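Dumping the structure here so I can ask a few things about it.
Chain naming follows the written order as A, B and C, and within any one chain the residues start at number 1.
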Amino acid sequence: MTATVAAQENAAAALPSRARAPHRRRRSTALRWRRVLLGAAGIVGFLLLWEIASRTGLVNPQYLPPPTVVFGELFRQLTTATFWTAVRQTMTSWAVGLAIVAVSGTVLGFLIGLSRFLKRFTASTIEFLRPIPSVALVPLAVLVFGIKPESAILLIVYAGFWQMLIQVLYGVSDVDPVAESTARTYGLGRWARIRYVVWPSALPYIVTGLRLSATIALVLAITAELVIGVPGIGSQIVLAQNGARVPTVYALALATGVLGLLVNFALRLVETRLLSWHSSIRSEVV
Amino acid sequence: MRLKRLGATLFYALALPVVLIAVWFLATRSGTNGFTPEPVKLVQTFFQTWIGPAFLEDVVPSLTRLGLGLVGAIVVGILLGLVIGMSRFLRDLLEPLLEFFRAIPPPVLIPVLMLLMGIGDVMKVAVIVIGCMWPILLNTIDGVRATDPVLRETARSYGIGGLARVRYLILPAAAPRIMTGVRQSLSVGLILVVISEMFAAVSGLGYQIVVFQSTFKIPQMWSGIVLLGIIGLLLALVFQRVEHVVLRWYHGLREVENGGTR
Amino acid sequence: MAHADPVETGGPLLPVRGVQKVYSSDNGDVEAVRNLTFDLARGEFACLVGPSGSGKTTLLKCIAGLMAPTSGEVLLDGRPVSGPPKKMAVVFQEYGRSLFPWMRVRENVELPLRNAGMPRAERGPIVDEALSAVGLAHVPRSYPWQLSGGMQQRVAIARAIAYQPEVLLMDEPFAAVDAQTRADLEDLVRAVWKRLGVTVLFVTHDIDESVYLAQRVIMLSSSPTVVQEDLRIDLPEERDQLETRGMPRFIELRHRVYEQIQLAKRGVRPAAELAPAG
């Protein structure tokens, strides 16, 4: 994406300035078409290989059914109520968990980030708790909530919170000191500074944090369903596996991929909309 | 003066944890509610459970699976990433496909791979390799693409091509991004090894913790959770050290770049 | 340093013949460079000057084998240049981006030699000499980004020298460096040139610099580029920043180059071009 543009710009830089602009325009549309076509070819090629491998028995078709069968099953699933119920269940846990993460992460991030004392005070605890894998809480979730969606939400909140918090902390401390000083000299009080200087400056990080947490939230929602049995797509996959409905397992796995793509796409959309005013879309601080 | 500084650092590092532990201690003094352990008992149980035969039977297999899986993911991820990253044709061809695979939540691989490979150790290592290689692969491709064009041209003008070009130019240039990918895959790996053991195993950390939980051996269960936390922490620390050494030049460079602006 | 050439002893080292570069664009083909023809003699120091967009960098890349001309050819030692030749070294303008940041100074300088398969024992003295020739014998273990801009460019020059080329191509190497450092680097390049006997083609947009440094200034027209004028600089061989730049002859030559460049900028074509093609 960006690197290709850089490569193009480099090629364009070798040109005399007069020819640069129109030349680049034509080359970039041609390049874009090529990229789209090749990408599609890649997907089609992969599906073809898979189909051949499965049909010719290269891979045991009982355990790896051909894509035609899998996609057939996937489309069939789309017509069933159980499928959509499962999707709804998964996405509800996802949404609730994400909302809690977003609010708590942002609020605590601001509180801690704006206070030098609190930052230092909590730094060691955050560094210690952060790398603890959320799956460690699975048994606890089972004990306390069983197969209720709260189990999933617990996992989501624990993992997503740290991601969000770190990003917000970065965002709050990344405020341009010049902007801050300017605001102060114009007599903006603390709250006004937060509203007009800190918040917009931290917004890109908040959105990035949201995007990262959203992906993690989906992974953990499905994990909770797979491992604990919370109702949702994950539990449907386990059911299919136990019932030896092999094509269904693959179909649902593909469905989760699509969900993942949609979540990512939706959040990138939010990112571009909210941050269209921001000249530099900051890179991820992970 | 330095002592004062040292004292301040220690204070900040330990204050909150100490407070939290104290609160926990006091709260559980009046008897637990069955779900939360007492701190002292927890430490005792921890040593009882994990220091001893259990270490060899459960901890070591888990860590071995994780280690093998991560090494596999790193090797495959970097090799494939280099090959794909250096060819614009391959990049254009494979990128949408790779982006889709990356979007599949890694734990979903477990039931799928169980179908193909059964429930043995091979399956678990394969799950980790396949689940962890995406961040590394995609980051390597990104890193290769972002190689500075001036550097590329310099290498060309001095006749540095082929494997030498990969060794001296492409790989080091992509290293920062690759390390980011490795860091992401570490957390995924730990999650995957634990889940795959919770799901289907006869040994391992995840398996044991599930056993404890299902037989209501709460303190042991908690000690398992603590152990997982410690492992996660150690992994992060080890990675930090390794990154510090491998990317020493990069950190120095960024410091110089940012030193003047802020 | 430069050994006798069995093919063309006494002939020009680097003939550039009819180089043309055409780019395709939305509005049809654009001829950036129309016809560049000149000969570089062995051991000569020539400067290439021209208005912006005159294709100086394009020409340099064609000569360096980094880019293929649409027509015409560049020969080195009688053989056409089709890829970066072994006997040529290039110093780019962006020193910060042409040195490998993950290697120390010494490693950067010895990389081309190492890549060519030269054993360590042989490399060592060459690298040492190159570093002391540019005055950087004291920083071999530093990383490039720890050094100032001027020092980084010296490292790039040392790397080019260590490569033991016959031809040294420099693409506006001092454009991004402050004026005082530039003066030091200019003298450094001349010293290196004299000491090693290399042929130097130095591209610049700085007119004073071109007259100060060169034995010969090749001026380019604006696009589509041809040679506007080829001026011999008959200043004394020993050049000094203060003395030489104050000489009346310097001022005359500088004036001449400036005039030509102004004409080139206004699109005035050289008389030679209007003559029938031959």
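Throughout what follows, a contact is a pair of C-beta atoms (placed from the backbone, for glycine too) under 8 Å apart; a residue touches a chain by one contact, two chains touch by 3 or more.
Owing to the predicted nature of the structure, the values given are computational and were not obtained by experimental measurement.
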**Study point:** Best-connected chain pair, where connection means C-beta pairs in contact
**Key:** A-B
Practice item. Just grab the chain with the largest centre-to-centre distance to subunit B, centres being mean Cα coordinates. Key: C
Check your understanding: So, what's the distance in Å between the C-alpha centres of subunit C and subunit A?
Key -> 50
Study note, to complete from the structure: Between the Cα centroids of subunit B and subunit C the separation in whole angstrom comes to 49
**Study point:** Gap in Å, rounded to a whole number, between the CA centres of subunit B and subunit A
**Key:** 18
**Study point:** Of all residues in subunit B, those that touch subunit A in their complex
**Key:** 12-17, 20, 35, 89, 92-97, 99-101, 103-112, 114-116, 142, 145-146, 149, 180, 183-184, 187, 190-191, 194-195, 198-199, 206, 209-210, 212-213, 218, 221, 224-225, 228-229, 232-233, 235-236, 262
Check your understanding: Which residues of subunit B touch subunit C in their complex?
Key -> 148, 150-151, 153-154, 156-160, 164, 168-169, 172-173, 175, 249-250, 252-253, 256-257
Exercise for review: Could you please specify the touching residues of subunit A with respect to subunit B in the complex?
Suggested key: 2-4, 6-7, 10, 34-35, 38-43, 45-46, 59, 63-64, 120-125, 128-140, 142-144, 177, 218-219, 222-223, 226-227, 234, 237-238, 241, 246, 249-250, 253-254, 256-258, 260-261, 264, 286
Review point. In the complex formed with subunit B, which residues of subunit C make contact?
Key: 64-66, 84, 86, 88-90, 92, 94, 97-98, 100-103, 111-112, 115-116, 143, 145-146, 159, 163
